[in-house]
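Two complexes are shown next, each including subunit A; its partner changes from subunit B in the first to subunit C in the second.
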Partner chain A sequence: MSRQPEPIFTANERDILQEVMNIGFGKASADLAEVIDIYVVLSVPEVALLDASELAGYIGGEIRDFERISVVEQSFMGRFQGVALLIFPSEAGRKLISILGQEDEQTALHSVALLERETLMEVGNILIGACVGKLAELLDDQIAYSPPRVLVEDDPRETVTRDMFNPDSTAIVMRTLFSFENENISGYLFLITRNESIAWMVSALHSFMERYE
Partner chain B sequence: MISPRIFEVINIGLVILDPDLTVRHWNRWMELHSGIPEAGIVGKSLFDHYPGLNTTRFTKNCKSVLTFGNFCFFSQKLHRWLFPFKPVTSFSGMFDRMQQSCTMGPLRDDGNAIRQLFISVQDVTEVAAYERRLVELNTRDPLTGSFNRRFLDSRLPDECERHKRYGRPLSLLMWDIDHFKRVNDTHGHQCGDEVLKSVAAVVGSELRLTDMLIRYGGEEFCCLLPETRMDTAISVAERIRACVEAHSVKCGDEAIRITISVGVGELDSDSPYQEALIALADKALYEAKTSGRNRVVAQPHA
Partner chain C sequence: MGRTLLIVDDSPIARKILIRCLPPDETFRILEAGNGEIALKVYQAERPDITFMDLTMPVVDGFQSIVDIRRFDPEAVIIVATADIQTKTLFRVLDAGALMVLKKPMSREAVKDALEKAEEALKDSERRR
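After this line comes the complex of A and B, so read on.
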């Protein structure tokens, strides 16, 4: 098998992506508040270009202050493709139950653990969809999503050491800190772009700039 | 064009909705399972026929799809179904509604703008039935049909959590069969099994719908009583004790009289942990045993 050629992603392109994310996440959080009544603040995102082998160390380092975590993992597929990881402190599921409404009806029917997982999954699905969707919209792409999965881990370091990526591949990692305004919950969102879509990303970023030049 | 006919033959329900949730398309699968012909629902709001869907959760998910173009997944685990259809598989006995896994997503025009949304509906009743069976195998004691220890270990933390969050009371009865070893020694182990089954059945029939009977191990059982304070728990305990005493177990030609001793504990808000609750009930059971058996003893908080 021939190794994929090293993707070229310059500092300039990184700046453009940073800007696209600023715009996209800004719109995502505005629409979440206006349309769905979910009030979430997304911090200024960061972009890093990493080898797959460095991913676990990078994410592990970012979340080292969390004791127990819940992770919502969801793959997205378009020309823009990869994995979204939403990392919450473990008590978040409980605090978020009311965010989608109908607490009483739901809690009566289900075990607390199931309800928390499903709530994380639904809220995570919307948050990931909002952020990925807005980026894709700005870069003129269409995305399909796989169902999200929830992982609950006692040790955050265990979560991201699994071989989620081809070890030869390179990923663009986009990181943002989010916090739910009314719920006192914050966590991290990582968008990890697959190697295969980096070439597309570069050209999409340039066409994005052309529209403004 | 023949290809659009896929909508009418595919074994999945497909619904297409306008942004205001007016139905635009209702495929043959939906017609067959709902009994509503496409002509009877197209042009109407989805909520006209399915007012149960008009919830905050559902409309938030619709808005999210229309705004962000994401997909929403309505899992069978949480929602069981979106559309109340009759089950059609041979597992219908287990469920009064078809179990569904549904996905909602955007439909875009050539300019990439979101114009409509679709809902796909998959019948997962069979999978849900197998899963339920597996859960049962995993949580039931095969001899008596009561819950097993594994169930208690997973459920009790949940119930303690509910107490911590909502302040709901929770009581536990710990009980065992008096002189059970003597039954085995005198009448044999098969007869011992009959006694266990029969006593569990008598106690089970005396419990309320929300109470849970659990075989803790050997001849020791417990009853988990959610939403129950000490005084009510004591009367439940007294009732099951009296019923077992009044009942005789048939074993071959013999009728064996059995009694049980019961310890009662209520979850203490100062120490709302499963270990503490079990310890309270256990201590009470020990006192019931040492003070003569066939009786109920309640252990107040320390």
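After this line comes the complex of A and C, so read on.
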């Protein structure tokens, strides 16, 4: 009789990670609301454990309602390491320019496309930095970031994970859907951790809970 | 037996953390609910003294649940326990009738302070009756 492999995460550990992610994105939305006059409507975050080869299909399925997308991609490196993907429908960049009030002063100097990229990069920097930073703080880690970059894609399924992960590895995917109230903009934040982080993360999640023993 | 607490949160971990942050020298009767719909049913059946309410939940969220519970019991003492720390969120829940907001991740000191404020609110409410 064959033995089932040990699950990498127990249901309890997944619940802890979901709560930590919830706190992380709460901090991120508050930071964004402080910088621009916007109210971020949050959803319940989800945690999924996937083979890296399943990632593109999973994320493509989540964002299937977006015809074209803009992606802010930023890697983070610590004991907690991986990549953050902030994904908007492609028209969000232009709407965000208007919310940030940049269109009048700067459009003359920049092309709209460049301004869109810069705006998305700024929003991505705030949301990803605050969320990943808070997660790292709660799990007692220190993080360095790569510079964010903006990708614009015609086919959402092409976006993800071309060379990000070894296809044989396992990834933890944390997903939050959010929207900006009264602005008709919604997007997804995915945090995808590398295989190498999983053992550390399991231990860090238990340490987090031990504070409440 | 001390006060009855209703803890409303879709995360079992968040409920566990809150229970572990309660003052160890006091006794509470604890009720739990995983969303706002269940919370209203439990509230109507059990009439807890103090309700701790998360906001981001499936089925019926915490914003609506505060309204529903306060409609049933205008004197309900509700402490919002949330990771959503936007200023507008604070105003929204206070406008809806919450007593205060407890920020996640919570500490034992913050929970103790919140319970003291809730106790004052309960005594004020009892004096008015």
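We take it that the second predicted complex is superposed on the first by the 191 of 213 C-alpha atoms of A that agree within 3 Å, B and C clash if a C-alpha of one lies under 4 Å from a C-alpha of the other, contacts with A are read in each partner's own complex, and residues count from 1 in each chain.
The rule we apply is simple: a residue touches a chain if its C-beta (ideal position, glycine included) is under 8 Å from a C-beta of that chain, and two chains touch if they have at least 3 such contacts.
Here the structure is a predicted model, which is why all the values come from computation and not from measurement.
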item	value
Contacts of A:75 with subunit B and subunit C, given as first, second, both or neither	neither
Partner chain in contact with A:22 - subunit B first, subunit C second, else both or neither	second
Which of subunit B and subunit C A:138 touches, first, second, both or neither	second
Partner chain(s) touched by A:186 [first = subunit B, second = subunit C, both, neither]	neither
Subunit B versus subunit C as contact partner of A:148, first or second or both or neither	first
Footprint overlap on subunit A, comparing subunit B with subunit C	none
Contact set on subunit A toward subunit C in their complex	12, 15-16, 18-19, 22-27, 29-30, 33-34, 39-40, 42-44, 138, 209, 212-213
Sites on subunit A touched by subunit B in the complex	28, 31, 35-38, 94, 100-102, 106, 110-115, 118, 121-122, 125-126, 128-130, 132-134, 136-137, 140, 142-145, 147-148
Contact set on subunit C toward subunit A in their complex	10-14, 16-17, 20-21, 55-58, 82-89, 104-105
Residues of subunit B touching subunit A in the complex	55-57, 60-61, 63-65, 67-73, 75, 77-78, 103, 105, 108, 112, 155, 158, 161-162, 165
